[in-house]
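Structures given as structure tokens follow.
In the two complexes that follow, chain A is the common piece, with chain B as its partner first and chain C second.
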Partner chain A sequence: MQRLIFGLANGSIYSLMALAIGMIYSTTGITNFAHASVIMLGAMTGYWCIALFGLPYLLSLLIAIAVTVASNIIIYKLCVEQLGDLSKQVGWIVTTFGASIILDNVARMVFGTEPQSFPYLFAGKAINILGANIMLHEVMMILIAIFIGTIYETMMQKTRFGRAIRAVSFRPDTARLMGIKSETVILSCFAMAGAVASVAGVLIAPITFASYTMTSSIGIKGFAAALIGGLGNSKGAFIGGLTLGVIEAVVGTFVPAGFKDAISFLIMIIVIIFLPGGILSAKFFKKGASSAEKI
Partner chain B sequence: MQNSLKKELPARKKYKAAFTALWSALLVFCLVFPLFAGNYYIRFMTLIFIYVILAVGYNIAAGYCGMTTFSAAALYAAGAYASAVAIGRYNLPFFAGVLAAIVVAGIVSLVISLPAFKVKGFYLTLVSMGVLEIVQRILVEWQPVTGGSVGLYLPEWKMLGFTLDKYGKFYVILAAMVLILIFQRNLVKSRWGRDFRAIQNNEVAAGGMGINFRSYRMLGFFINAAISGIAGCLYASFSGYLSPDTFGFNFTVFVLLMVIVGGGGTLSGPVVGAVVATVIPEMFNTSPDLKQIAYGVTLIVLTQALPGGLVGAVKKRFRAIDDNTYVTSESRKGDFDFSNYTVTSTSDSNVILDVRGLTKIYGGLTAVNHLDMTIRRGSVHSLIGPNGAGKTTTVNMITGIDAPSEGSVVFNGKSISEMNMWELARHGVSRTYQHVRLFGHLSVIENVAIGARLSYTHGLLGAIFRSKRMKQEEQASFEEALDYLRVIGLEDKINIEPDNLSSGQQKLLELARALCMKPELLVLDEPCAGLTETETQEFSDLIQKIRNAGISVLLIEHHMSLVMEISDYITVLDYGKKIAEGTPAEVSVNPVVRKAYLGEEEEAC
Partner chain C sequence: MNKKKATRFLAMTVILSMLLSGCGAGGKASDSSEPIKIGVLGALSGGSAILGKQQQQGVDLAVKEINAAGGILGRQIELSYRDDEADPTKCKTAAEELVDKIGVDFIVGPTNSTPASATIPYLQENKIINVMCIASSDSIIDAQKFPYAFRIMLPNGLQAQALVMNAKERGYQKIALVGDNSALGVDGTAAMEKWCNEYGIVPIANISYKAEDADMTPVAQSLKDAGADCALFWTLGADGAKIVKAIERLGYTDSMDIYGYTGMVMPNFRELAGPGASRCSSLSIREWSVEPGGALNGRYLDLYNKIISEYGEYGVGKRDTNPSTVASGYDSVMLLKWAIEKAGSTDSDAVKAVIEKSGAEYVPFFGSSYKFSAEDHDGYLASDAVPVAIGEMMNGDLYIRS
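What follows is the complex of A and B.
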């Protein structure tokens, strides 16, 4: 039980990462390889505000969100916007990686190399459910992640802005002709992804400790979760993230710690090979649904 | 144009000599370098040679095949550790270590490139990152074999009974680098290099040329792995000690950086990149953080400011360096006459293509509904219908791009509905596309000559060792390509890139490329869309010549006057169903057709 909740809590962070990756993917068709570093930036900013300046938790979170939103917008402006047609080239893979390297090393210089402990929500209080000791923080991680996911999903389906995002992701040029400002929509998706990154960073930091390498191993797992669930699919992001978290928690009891991460990547590779559209695509497999448009 | 090309030729020869002199000077410099350099610099230079080898391997996969991966360190590590274990633990000779390195790195590459069978782009990137992590875990955790984080020591480097000192190592690795550079040159300047670049440029069109892009990707990546493995093996024997830290993510970034800086998809890019990426960070040795940040900034800035890297920027000024050496616009007398050209068929049946009950369902939409159609050998068969009638879907199924939901397609007596597009190309079907799909990184003549690859008999080794047969076949196909370019009037633009042509010329070039495959059935998807009236008339003449040469033509076109003029038979589609067929005279008076098609839309021209 304890393991299961821990797995779900970790999984909810993977879900938030997958959700943010999906936000950007759905409007631009690219994946931001600097996302893990942005999460780290959010966590480190939060740590500084709380531990060094003694600011309250919520205010620190808001500042962290502001920082990551700004950094994501800068990443878009500097690394993506100038590249032109993203569907025809892979330059963005290199530039977003460059951004990730810069963020990691700036953080290393500014924040130092020593991992710092980060406060838990509710001061690390644990409750006893069915004989298992469960930290309230972990429960909150799951709840907050699901809350954010629900808001995003509702926004996508119900609001004018959500419809604009879906229009841009389907046909950017046509959407532009219909009077939707594609650039603004893409930029807001980068900004939203940045905000989600801060929340994820602040929530995971007590578990991983705050340091410049805190997201180096969970970085690819966010992508793994996104791929397992199906890229750009917000429900899939949660299914993928939570599945991955639980599998890790279960597998972690059998294999040495060093190989635990390797298992996640193995699962990701297997899913990519056999279900490139993610596990949701298995049920409603529409073969070649859009290949006619490409020609 | 003709004149300016003639003027360029002497200049081209002059700087070709300059480049040759530059390379020879560099080689001589490398040869005499150990005579005056100290130990530190000999070691430094040797490392650069190893990095050049590594960058060449990565360049073949990333620069030429377009596969951006992050597993360079994993392949390098696989080679290094495999050879170290073979040499150090099993006391095998050095060359057995090289073999082990290639085999193990090759196996790792298959793990990465097998998914590329189905997916591409960033999926491949993610898989490669995952594999890099897995390989690193194995290096650390599998202590009995890899020595874990303590590392692995190797005995003295012995080769053919000699123990190599620092000079021996220097020259052996220099020789290996030169061999690998020659390998790269011969590979890239052959049909293999063209095929790789074609896949990178336009996968669908490459498939239509008969290139099995899936196996070619795997081959490209395997070559990358084999070369990385060799580099790893050389590094292991050179340094005598291996530690997992060497092969981390930062090293992968370094390899990527070398190719980006030098210029992916260029022959000398890896050399320039390896030197620049190794020498410049030396200045940041006091501050490793700044070094990494400098890497990051370089990746971002160079990708956007100099997409072709340093070498790409230089090449822009010396365009003619990439000119084909087989033909020039004045090297052949124009004795080719398309009207004497004929195609020999493999079958003498009267029917070349027989479509029965062809159906395509997308979700709930039936794009093509039980279509029956018969194309007679040597005829021009037009497929017409309003927009969205299912014409392009039909030809996509016939040419193997889409799999039919139901129904059968029989070509020359063989069922082809299960075939891939590259298999179909080999059987004698070629096509042009509604939206032009040329290979932007190949010159005009290479775009056409690539079609002749179907008749090539030389293999990969023939290309690497420049066999006589390879040279003859290349010469023949370039001359043939020039003939087709004469037919379409582009013989004075053979060495420029197709992006610089007008849209009409691009359409004609696509036609020439399709013809160079010597198809029995040529499928033209709206060849005249966007052409001027004069160009349309030229196209119409050309199609008649093609028919006279014995090639059957399946034509989709909206210019009704053109269709009526040149078609032998017309099939009319509407909402995925055949509503009429017959000769142009029959179709033009058919009331159903007039209502569905001609009645609603005024004649297009």
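What follows is the complex of A and C.
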């Protein structure tokens, strides 16, 4: 039970990472390789606000969100928008990787090299469920991820802005012709992805400890979760993230430590080979949905 | 005829040039106006960056002092740092640059054992003395294979012996071994297993995990399932802290004591590990730990005060380095200074001979005395290591003996 909850909690973070990756992919067709570093930036900002300035948790989170929203906007302006037509070149791979390296090194210089203890929600209190010691923080990780996913899905389906995002994702040129400001939509998606990154960062930091290398092992799993669920698919992000988290938790119980990640990524490769569009691209899940419904 | 003379003259010039360049081969420039170049290899970024930072602070402090006092043999020290990111390939490349391009006379570091393994053979070929003050693998010090490599840190074998010896003396019945699956962790666990055999102990469990993994619950669960009353950790600080936290979550903290090698020691271990840190001990050099209620003294206290003066008090947003590790970096340079002055030159063979034959005469700032010899380039004995409680620190950064 404990491993399952931990797997779901970790999976929630992978889901949030995959969601943010999908937000950007769906509107630009690119993968933001700096995303893991932005998560780290959010966590470190939150840590500094709490530990150094003694600010309340929620205010620290809001400041962290402001910082990561700003950083993602800067990344978009400098690393993506300047490249022009993204469908015709792959320079964004280098620019976003470069942004990631710059962020990591700046964080190292500003925040230092030593891992820091980040406070759990509810002061790390645990409850006993069916004999397992479950931390309220882990329960909140799952609930917060579901909440964010629900809000995002509602926005996408029920609001004008959501329809604009879907239009840009489906047919960017046509959306532009219809009067939708594609650049504003894309910029907004980068900003939203930055906000989600901060939330993911402060939730995972108590477990990984806050340091400039905190996302080195989990960063790639966000991409894996996005691929498993279907890149650009918000529902898929959650399916992929939670699936990956649970697989890791189960596999970790039975195999030596060194093979755990190998098996997780093997499963990812198998999914991609047989379902290149992710799990949700399987016929079972399609049931007449149009391409425009993919996000 | 003129053409013959010209050819003869050209040939003489070429031969003379070759002879003159050959004069410099195998020896160091001894021009007293030239600085003494010391290269420093270590991880300044990545997961091991704290090690490189500690080494750097110690080296910088020593060089600043030495240069202010006139240098070594009237020559200033010139430092060249290279960040190897704890990567063996990068370390070797950096070493080649330091030796071939910069022309360093000596090297301090590397900080990590795996990069050191990749780099030391190259340094030996070039007769570059390197003093290691952090890397602890047994395989990187061998007076026969690597005659120019020296170390002033407790090696893994000695630490493993000290940990097992301590566990046996304290009467634990179910001793588990824990280490990560890197070369460091595998070597350390193997060393502990070897000493368990020597002392007639059968480990109740031998648990491996992936370094820097976020989820250490399987490790904690394995310890609990085995019913261990003592766990010997060969882990780095952050990973060790995660495991201790996971043990606390399983409600097993009070059932087991943990002893870890020096790599587990970090100033904020208690903050990271939580209340379970009170059950954790590690090893420290005797001179850089204090008795409960005691204090540092003599030259160690002086150096500690210098570290505070130069880099500030320890704390969040302030200095985050361990003063004993900073002291090891400091002592690496001071040892070289002493040996160069005693040898009267920077010649590698002369300096090496001084360290081997007279190393016990050197008054260290890290240990109490070094026992170097022609057969042994490790400075310590097992008795130089004392168990220290990681959960309690004096001034937040000095270890208290347990």
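Keep this in mind: the second predicted complex is superposed on the first by the 283 of 295 C-alpha atoms of A that agree within 3 Å, B and C clash if a C-alpha of one lies under 4 Å from a C-alpha of the other, contacts with A are read in each partner's own complex, and residues count from 1 in each chain.
Operating definition for what follows: contacts are C-beta pairs under 8 Å (C-beta built on N, C-alpha and C of every residue); 3 or more make two chains touch, one makes a residue touch a chain.
Bear in mind the structure is a predicted one, so any value in this text is a computation, not a measurement.
Q: Applying the document's definition of touch, where does A:Asn105 land relative to chain B and chain C: first, second, both, or neither?
A: Both chain B and chain C are touched by A:Asn105.
Q: Touching A:Gly179, do we find chain B (first), chain C (second), both, or neither?
A: It touches nothing on chain B or chain C.
Q: Output check: A:Leu78 vs chain B and chain C. Expected answer is one of first, second, both, neither. What do you get?
A: first
Q: Touching A:Phe6 in the superposition: chain B (first), chain C (second), both, neither?
A: second
Q: Just to be sure I read the superposition right, which of the two partners does A:Asp261 touch: chain B = first, chain C = second, or both, or neither?
A: both
Q: Where does A:Ala224 make contact in the superposed view: on chain B (first), on chain C (second), on both, or on neither?
A: Touch partner of A:Ala224: chain B, not chain C.
Q: Give one of first, second, both or neither to describe whether A:Val94 is in contact with chain B, with chain C, with both, or with none.
A: Only chain B is touched by A:Val94; chain C is not.
Q: Could you let me know whether more residues of chain A are touched by chain B or by chain C?
A: Comparing chain B with chain C, the partner touching more chain A residues is B.
Q: Quick one: classify A:Gly54 as touching chain B (first), chain C (second), both or neither.
A: Neither partner.
Q: Per the definitions at the top, what is the overlap between the chain A residues touching chain B and those touching chain C?
A: 105, 108, 216-217, 256, 258, 261
Q: Which positions of chain B touch chain A when the two form their complex?
A: 66, 68, 70, 111, 114-115, 118-119, 121-123, 125-127, 129-131, 133-134, 137-138, 140-141, 204, 249, 253, 256, 260, 289-290, 292-293, 295-300, 303-304, 307, 360, 362-363, 367, 392-393, 396, 401-403, 433-435
Q: Please give the residue numbers of chain A that touch chain C in the complex, ascending.
A: Its residues touching chain C are 2-3, 6, 10, 48, 51-52, 105, 108, 112-117, 124, 126, 133, 135, 204, 207-209, 211, 213, 216-218, 248-249, 252-253, 256-258, 260-261.
Q: Can you name the residues of chain C that touch chain A in the complex?
A: It is residues 45-47, 49-50, 53, 180-181, 208-210, 212-215, 217-219, 221, 237-238, 241-242, 249-251, 266-268, 271-272, 274, 316-317, 320 of chain C that touch chain A.
Q: So in the complex, the part of chain A that touches chain B is made up of which residues?
A: Residues in contact with chain B: 30-31, 33, 78-79, 82-83, 90-91, 93-95, 97-102, 104-106, 108-109, 216-217, 220, 223-224, 227, 256, 258-259, 261-262, 265-266, 268-269, 272-273, 276, 286-289, 291-292, 294-295.
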